[in-house]
Amino acid sequence: MKVAVFLPELLRHLFKKPNTVDYPFKKLEVPKDFRGTPFLHPDICIACRACERDCPAEAIEITSVNEAEKKFSMVIHNDRCVHCAQCVDSCPTNPVKAMEMDHLYEIAAFDRHDLKMDWTFTRAVPKREAKPAAPPSPPSKTEPAQS
Amino acid sequence: MAVLKTLLYLLVYPGLLFLFIYSTFCEWYDRKLYARLQNRMGPTHTGRWGILQPIADFVKLLAKEDVVPERADKTLFTLLPIIGLAIVVTAGLLLPLWPYSEDAIRMTSFSGDIIVLLYLLSLPTLIFFLAGWSSTNLFSTIGGTRVLTMLFGYEVPLFMSVLSPAILANSWRLAEIAQFYQKKPLLILPNLLGFVIAVICVQAKLERTPFDIPHAETEIVGGTFTEYSGKKLAFFRLMIDIELVVSSGLVAAVFLGGFPGGPAIGLLNFVVKTLFVIFFLTLIRAFTSRIRVDQVVTFAWKYLAPLAVLQLLIVILIKGLLL
Amino acid sequence: MKFTIPIGPQHPALKEPISLRMTVEGEVIKDADIRLGYNHRGLEKLAEEKTWIQNIYLTERICGICSHSHATCYVQGVEKLMEITPPKRGNYIRYLVSELERVHSHLLWLGVAGHEAGFDSFFMYTWRDREVVMDLLEMISGNRVHYAINTLGGVRRDLDELQIKKIFDGLAVLRTRSEFYFKIGASEPTFVARLAGVGYLSREKALALCAVGPTARASGISADVRKDDPHAVYDEIPFDVCTADSCDVLGRTVVRIKELLESYKICEFLLKNLPAGDIAVKAPKRAKPNEVVSRYEAPRGENMHYIKSNGSDKPERLKVRAPTLANYPATVEMLKSGFIADIPLIFAAIDPCICCAERTVELVNGRTGEEKILRFSELRKLADQRFKNRPVKRNAAWPF
Amino acid sequence: MTDLELVEKLKSLFGDKIVEISNPALRRVFMTIAPGNVAPVFVGLSKDLRYAYIATISGLDTGDSYEILYHLADLNGNLNVRTRIPKTDPHLVSICPSLPGAILYERELQDMFGIVIDNIPDPRPLVVPDDWPAGNFPLRKDWKYERPAEIIPGGKK
């Protein structure tokens, strides 16, 4: 019977760098496909409500603000969001999706109201011949308030 | 002057204050080493390399709410941590640390102090049992009985293995035993087996893996300490830390030739040798898994006790043939 | 002296709430009883109100560790109801994630077993290496726990060359590590002393009490849905069913480590033979009235979903049978005549996933009749109040 | 044993006890029996066909009756035994004597549908809490749970 099989492995690691990352002070990169928080490009959204219908957590709310001006308001309840990115998959706009996920993961807040994000926008006209527009930069709204 | 010296001796060095500081340092050393063996970081935040973390933990526990169970024996429940702390600090005074040269205080160095020290180190076990029993919690009660069951396993081998160098040195006084081995360092070698047994038994006495059965958290929650919180738990933790220092100091004094060289170098000797012993204790903690209480008793009586007897035999033979 | 110890619903050995009532005599367990019902979320009822698409994510949340198992089991059933077949590449990626999930779950279990046995170094090392496979899964799917890679008719993310290379590298690391753990698990004396002979479950009992997964396989039953009822790609993949005859916790450990090594083989096969092409086909919104029984070998044993459609975009009935529930009768059998010290090990050895096993009831406001959610600031106010009004030195008479 | 052989064997074993038998997919056999025949059929299944593993029991509310599906499995695939009991008198006999592992699922059926299982060895509720109001059976279609409107405390916005 062997005694202390684990010992050489342990002693080998005594002089190695620890494998843990000093988390709040150092952060790891997330992969490029990381599913962070969903956000909306309000200038592309055609208000088709596909995301609202498919969202498993009922975290997306689209309401019509002004029928005549085709103004809509969209609320993403990040306190309910399960970060599945189904809204991105459901979004029919082409070639740039109106819904996108960012790479934020430190999104905890003390108050659930701080996790709500909303946009009011005019419905975009869906283009058949989609000209390759430059992908719009994420709006500053996506930064959840850390109050 | 003598009164001041005695007070200094009791409260500052090598008494309460020194033991407090050094035991928190030892806890940090143990935790850090354990973490690094496991490829982790260990404490990093409080102080440089997290060195103040045990003190921070102690202070934090002092500030926490202190709950006493309704059905517990309240006097006993409250007094036990203090009695326990007093016992281990008293035991710490018996270590031949500073004043064992001829002209120093002879208060705690006397013939037979090794026996007193061993018995003082047995008392914490009883304190743990009483702590478990008096809290009347189911898990504490199981923990308490486990403490006693284990005591029957490791106590006899510990006594035999620690006393065998004393037999070789022909003295029951820690200071004289240490001096004997300083003069004849080669005679440390025959006691090697005893050193191994003593380290294992100290591990069991301190209830560290693989012998952390009385407070195995995945089985019986906190074991004996399930109901303890706040200040009382802080004192118990401090008590265990000081017990770690004292028992490794005892092993170092008996097997590694004591701490010669006057106050300064003696202290350095003490630090190096106790850390050396604690290194082994931590190593054992890292590479073993917890065993069952019946396995402890079996292991102790099947292997440790016969080996301790063998150690005694070796010592007696050497004493008879060589000295 | 006979008394009953309550293990749970809150206990350090249990990571999820369940109540085990142990009647013990000294250190020996005489009787055991399991009480469920602390973790109900009413998933089966809820599934009847959600669309087929939404239910993918709902089934994924049946369990955190085997999230992909439940989603895959559901998705492969719904695909049969909708009469669509995912493209081959999609299928390969889906079952690649399945096997990686098995790796992650078994490594997790090894760590938990180490921790329950008080072997914390083993725990730390296995969980360190589990990070490798977690990172791979995060890279493939975009998340570490809820991969959400399944969709009706295929998968949602494709693999590129760089990712394939990274997976191969990760698997090579994991293989050497797993072989090392095999050595430790089989020869570290204190660990073996804790595991061997503990939680004995004979082959006959395992059969009669319907044990599944590694628990059954460690009792010598060669039952594996991947072999018995090969779903999707498993009839193309060469692999062995790992069994052990020792019928104890050690056997269950050995089976799991062997399965790890098998899973690496399967992953490498899938990656080497990854066909080109699409990853998903378009799925219809509705399914014709029909019923299907979908079976899947999750890391813990057989998952079974019974799905019935009624022609609408919502299921008529979704019945979920998680492997942990099936293993409970066997656990009670194993616990009897064990030691108190063995309770966490025996219970952990079935790899219990309590949120898997319990999912049926709606959360009705149970005892008080009302539910209250507090904001953080309100909570702090309450705590301050409690502190100010604290009883003055009740019985904690401090002698100083 | 292929599916066809299994169907033939079941037919020869149980004869007119089988109301309907079908084989919709590979390794899936669905068999319908009358509720009165549940006990003898399961004795036959466990004795003659050596079925020991019951995966689960699904209940289903079809409006005027309960449909009970026993999912059995062995190395050859999956056999589903279906029976229908009227809603007015939901009684079913326990199959634990022949398949002891069924106890959990029978208890679950009791909790979820209010089906009374006769001769069940352990009738305690399995998944509902002890103080669950009597007469509430969540998986019945007429049992509706009104989700209360979500109130986020604070009311900042």
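Think of it as A, B, C and D in the order they're written, each chain with its own count starting at 1.
As a convention for this text, a residue touches a chain if its C-beta (ideal position, glycine included) is under 8 Å from a C-beta of that chain, and two chains touch if they have at least 3 such contacts.
What you are looking at is a predicted structure, and each value in this text was computed from that prediction instead of being measured.
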Third chains touching both chain C and chain B: A
Which of A-B and A-C has more C-beta contact pairs: A-C
For chain B paired with chain D, centre-to-centre distance based on mean C-alpha positions, whole Å: 61
When the centre of a chain is set as the mean of its C-alpha atoms, what distance in Å lies between chain A and chain C? 27
Chain A to chain B: how many Å between their CA centres? 54
Separation of chain A from chain D, taking each centre as the mean of its C-alpha atoms, in whole Å: 42
Pull out every residue in chain B that's touching 2 or more other chains. 37-40, 286-288
Spell out, as numbers or ranges, the residues of chain C touching 2 or more other chains. 121-122, 125, 128, 188, 375
Going by the touch rule set out above, which residues of chain D reach two or more other chains? 152-154
Flag every residue of chain B that touches chain C in the complex, lowest number first. 37-40, 65-68, 74, 78-79, 82, 138-139, 142, 209-210, 212-213, 216-221, 230-231, 286-295
Residue numbers of chain A touching chain B in their complex, please. 4-7, 10-11, 13-14, 16, 18-20, 22
Chain B partner, complex, touching residues on chain C are 3, 5-6, 11-13, 27, 114-122, 124-125, 128, 188, 190-191, 193-194, 339-344, 390, 394-399
Contact footprint of chain C on chain D as seen in their complex: 25, 27-28, 52-56, 58-60, 69, 71, 73-78, 80, 99-104, 108, 111-112, 125-129, 131, 136, 138-139, 145, 148, 151-154
Applying the document's contact rule, which stretches of chain B touch chain A when the two form their complex? 33, 35-41, 44, 283, 286-288
